[in-house]
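Take a look at the structures below.
Shared chain: subunit A. Partners: subunit B in the first complex, subunit C in the second.
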Partner chain A sequence: MADQSAHPAKDPLARIAAPAITSADATPVRQRRAGAAARILSGPLPWLLPALGVLGLFYLYPIFEAVRLAFTDARLFDTETQLSMRSISSMVGSSTLGVILRNTLTYTVASVVGQIALGLAIALLVMRAERARLRGTLALRTIVLAAWVIPAIANGIIWQLLFSEAPFGAINSALRLMGVAPVAWLSDPSNAMTSAVIATIWQGTAYSMILLYAALKTIDPALYEAAAIDNARPWERFWFITLPHLRAALVVNAILILIMTLNMFDTILALTGGGPGRATEILSLYAYGTVFQNFELGRGAALSMLLLVISLGLTVVLIALLPRDRR
Partner chain B sequence: MVRSRAERVADWAVYAAMLVLALAFLLPVLWLASLSVRTQAEVFLGAARFIPEAPTLDNFVRVLRDGGFQSYIWNTVKLASLGAAGAVALAAPAAYALSRMAFRGKGPLMLGILSVQMVSGLVVLIPLYRFMDRLGLLESHFGTTLLYIAAGIPVTIWLLKVSFDAVPRSLDDAAAIDGLSRVESFVLITLPLALPGLISAFILNLILNWSQFLIPFIMLSADDKWPISVAIFRFAGSTSAATTQLLAAACLLAILPALAIFVILQRYILAALTAGAVKE
Partner chain C sequence: MGQVELKSIHKSFGPTAVLDDINLKIADKEFVVVVGPSGCGKSTLLRVVAGLEEASSGALLFDGRAVNALSPGERNVAMVFQNYALYPHLSVATNIGFGLRRAAMSRREKREAVERTARLLEIEPLLKRRPGALSGGQRQRVAMGRAIIRNPAVFLFDEPLSNLDARLRMQMRSEIRGLHSKLPTTTLYVTHDQVEAMTMADRVVVMNAGRIEQIGTPSQIYDTPRTTFVARFMGMPSMNMISARYDGDALVLPDARVPVPADWPERLGPWVGRALLLGLRPEHLSLRASPGGVPATVDLTEPTGSETLVYLHHGDTRLAARTPPDTRLRRGDQVHLDLRLDRATLFDPDTALALPTLPADPSKTGETV
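Showing the complex of A and B:
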């Protein structure tokens, strides 16, 4: 910028000159009061208080309350509660919990691995296309990202329309046109989980793609030029240059989408509602149903604490995988 | 530079892969669009009528004329924008303190704010349900907005801290020499210079709030208070094969505003998504 007056800092700086002059003729009383206010405002507390107050009220307090409720036999519309281990013992003792945890594990691992793998593949493809100056990379990135913007609840509805087993369902009617037998995408318990994972990956991949693309951009091209001089094969460049440099980004990415997937609720609710039977019922849906359909508040609170403990535990495990300087 | 034959072959393979991926990500939305302009008769013809022979806007007219639908959209706009504005307003001073002031416990505090994001909405909503009921905030947009704000604050603090960090400290020092208080220097210098960051944070909140389902789903049971996300879920549960085209039209109308904001303001959203997560 050649013209100094175009600098964005100029305007606010010009405005601040005025109070500096007028403060000289302020009365001593006002000055003292302003001084006290300034002293308080120079500390961090008043700046942090509004945000921390809201977080305390709507996050910290509920977590303590959930822990307390887990040790009661509370029901949703019953104010009388007694301290009791019944909620926790019935949760641990129920045979359903095993099914739910296995579903949660399958769904989470498959979705997270799928999103990272596909996101990395697209990011590498876009990098390769940009290096060759091919057209359409921006269009591809925009299309993939658009899926991420679609509300998860709408995502579930869209995929229900696609997987629909009615004669006019998108995928099945297309298969029939090609002479292939239709598939029971949602009504067959062994297919339903795969369908839920596909819908989740379709929507979530964009996030991994963008994070990994940004990380790929930071790798020094000179490393690849040196590798080319050494006649390194493409997979050697990927294994010895790309992957080690992506380690931090991959772990951060894994943590973020692991949490999102573990807590996923909307897509599965709209797609399968957890069914057929309990085939796609993961922990979040189970906790919701326990509280808001069976009104077992104590047991639901215990289940939600289990979800929180699993999230935090897995995060700690993943942080340990970060390179030392990034921890 | 002359490209070798092998490279040209590879380029075509890259093109082919890009095309397949673009189709895989486009087709679900195109299918929704296709269903939404079909007559009921053509819905039953499935993939054979991907491009309908008798396209109609009738489904959109019917959905848009519905008084309920208009109120769902209005409720969504209200909740999403008030929630986003509230989150930015409360997060900005906190982010400023974390960016500019040194104090004891700052590191753990920042880690604590980050870890709030690990907490599922469900974990807090289960105990909050009775709490909000007792405060008389259940079934109200006010109480729902408060929860939207709370959900947006952690990520907004992080985004804004990153953009405040990018504003040179020397400007603060110059302001202090000119006799400006902290508040004045925050409002008159840091905020205007960090405007792109503020906009990114607001838009990201707006899009996340537009998608927000769990909070209104649990907080609001009255039809006239629902945002569009809850409404289309309830509608999907009550429709039959005969009204698939209406569901598709409603669903498309629900996602279009979010898609439009995204396409127009892509630059800001990408900045918000990658800020903090990827360092040099």
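Showing the complex of A and C:
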């Protein structure tokens, strides 16, 4: 053996270990490695890591956990769980799910459309007032924003007081003063959804107003002046100038409001608790009830997954509507 | 017809008066340029005529008919904006044809009108593009096309060339002028650029601090400024202003006595012994070969190729002289100047107004307000 190692040329292993060759090869490797590390360190990654860490811990990990739970028969207080498709199949087979999805659809569409339309209307009004150099536009914006600052659960309670059918219910009292018969805002199943939508729109409008107001601010006022000289009617100005400019802002607004509304939970919980019956029970509330009232953790996770899939699907559809240069 | 008349127009934003007693009559097919420093109210004046701003008081007449109450769209004016204000989401063709939406024309007639306009402005190949895909000069043409196609009674231009580079500005200047001779239409053109005012206008309106300083043809404005403001504002370098006194037979300058033309003693009678401002364009100062005239010290020379501008001082007075291109002078050189007093304008330093008695030649008298 000693002989063999003395003849490096005959022993391939020894040749690899030969000092001259090693140093000649390793230096560039080390340099290359150091170069790659420097490249990573000088790139955006180190700066993104803290955010990635927080997002991963508080967003990605729970999603991952929810996906895992959806494929188990977990119950809230049972430690024994096993993999199973039962949660998903019972969710899909449930007759309640149809009602819940229909409620969710009605609630979401009405709320999103209402928040965008009302937000746009107020934003246009503020712009118009500013152009006419009216006073009080800042106060108006602040008041509208105040609604948004209120926590959703408080919003639900406030509207419950307003809609209340007891003698102190503000809206019914006002109606009574005007000689109109009081309305069963929350106890009548056919009115409850409308009431829930009103409470949601009232709170969410501020957000969409601010977003659209900011977008309106970026429109060159000279365009409206050019249109005025071209004798364009108000609707033409809106159609040819305002709306095309707002397209990106409207789509982004719609995506954000859609997600917020689909996940809306606290306002309805405080306002109606999903009732009467299941009249205002939407998917998020249903998932909450499934987990925390029926303790069916697996099924609740499956419902959450369904909510996630619906949100993602609708977001993709909306992104397709974005102007090409903003995608 | 497109006769425009402004009768004592006032405009104020809150307590700030922006336009103060503006009187101006623009004849049909006339090209009038309003020029002045920024903030002088010239753009506001244009916007009042367009109807984008309402005059606080005064009457605005188109062909003798008051239009104060009409909306911009009803006034039959077309406007080219400083930043062009093209509709960014519409094609060039739609932008140009926008003003024809409600015209009593068939779709085909409208298309032909757009094509005719595009041909006139040489932008036919761009018709399908969006404004975002055009260069500054092309956008400028589209903006003009949008104005021309409606065949308005009055064209309004709000500093239309200020976003273009120098070469393109020069080219567009002559194109706008050429367009005006092809389609003679009353034009009110606002600019801060005195070269545009001098080269394009039939008549120039010089504004300062919300008031009209002088109205006149470019040569009237240049040769016989009515106020020291006009004298200083128009012309590059601006008019030399020399403190002087008339002692009965010569002008007494800080460091020289200059004999006056033969007809001055008669006219300057009341001004004997009083302080005056002698206004002289740089081209009316010339270098003397021999001593005499007005002594001055050279501060700086600027050879431009076709001429050499010499900046000097005489006592405390800074002067500029336009001299032949082969002038060779250095800082500190002592020179002697000849003043062409026959081309001078004299101002009263107290009122900043040109002396009413000068000049004598009625053809050179500026039309004043």
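The rule is short, and it goes like this: the second predicted complex is superposed on the first by the 276 of 327 C-alpha atoms of A that agree within 3 Å, B and C clash if a C-alpha of one lies under 4 Å from a C-alpha of the other, contacts with A are read in each partner's own complex, and residues count from 1 in each chain.
Methods note: a residue touches a chain if its C-beta (ideal position, glycine included) is under 8 Å from a C-beta of that chain, and two chains touch if they have at least 3 such contacts.
Being a predicted model, the structure only gives us computed values, none of them experimental.
Novice: Touching A:Ala166 in the superposition: subunit B (first), subunit C (second), both, neither?
Specialist: A:Ala166: touches subunit B, not subunit C.
Novice: Applying the touch criterion given at the start, work out whether A:Gly43 contacts subunit B, subunit C, both or neither, answering first, second, both or neither.
Specialist: After superposing on A, A:Gly43 lies in contact with subunit B but is clear of subunit C.
Novice: Check the residue A:Ala154 against both partner chains and state whether it touches subunit B (first), subunit C (second), both, or neither.
Specialist: first
Novice: Applying the document's definition of touch, where does A:Ala181 land relative to subunit B and subunit C: first, second, both, or neither?
Specialist: neither
Novice: Thinking of the overlay built on chain A, is A:Ala320 touched by subunit B (first), by subunit C (second), by both, or by neither?
Specialist: In the superposed model, A:Ala320 contacts neither subunit B nor subunit C.
Novice: If we overlay the two complexes on their shared chain A, which of subunit B and subunit C does A:Leu145 touch? Say first, second, both or neither.
Specialist: first
Novice: With the two complexes superposed on chain A, say which partner A:Leu83 touches: subunit B (first), subunit C (second), both, or neither.
Specialist: Neither subunit B nor subunit C is touched by A:Leu83.
Novice: Who wins on subunit A residues touched, subunit B or subunit C?
Specialist: B
Novice: Touching residues of subunit C toward subunit A in the complex: what are they?
Specialist: For this pair, the touching residues of subunit C are 50-52, 71-74, 77-79, 81-83, 85-90, 98-99, 101-102, 146, 150.
Novice: Contact residues on subunit A for subunit C in the complex?
Specialist: 220, 222-223, 225-232, 236, 240-241, 244-245
Novice: Could you list, by residue number, the parts of subunit A that touch subunit B in their complex?
Specialist: Against subunit B, the touching part of subunit A is residues 8-9, 11-13, 15-17, 19-20, 23, 34, 38, 41-44, 46-48, 50-52, 54-55, 57-59, 61-63, 65-66, 69, 76, 122, 125, 128-129, 132, 134, 136-137, 139-140, 142-147, 149-154, 157-162, 166-170, 172-174, 176-177, 202, 207, 210-211, 214-215, 218, 249, 252-253, 256, 259, 262-263, 265-266, 269-270, 284, 287-288, 291-292, 297, 300-301, 304-305, 307-308, 311-312, 315, 326.
Novice: For the complex, which residues does subunit B have touching subunit A?
Specialist: Answer in residue numbers: 3, 7, 10-11, 14-15, 17-18, 21-22, 24-26, 28-29, 31-32, 35, 43-48, 90-91, 93-94, 96-98, 101, 103, 106, 109, 113, 115-131, 146-147, 149-150, 153-154, 157, 171, 174-175, 178-185, 188-189, 192-193, 207, 210-211, 213-214, 218, 229-230, 232-233, 236, 241, 244, 247-248, 251, 254-255, 258-259, 261-263, 266, 269-270, 273-274, 277-280.
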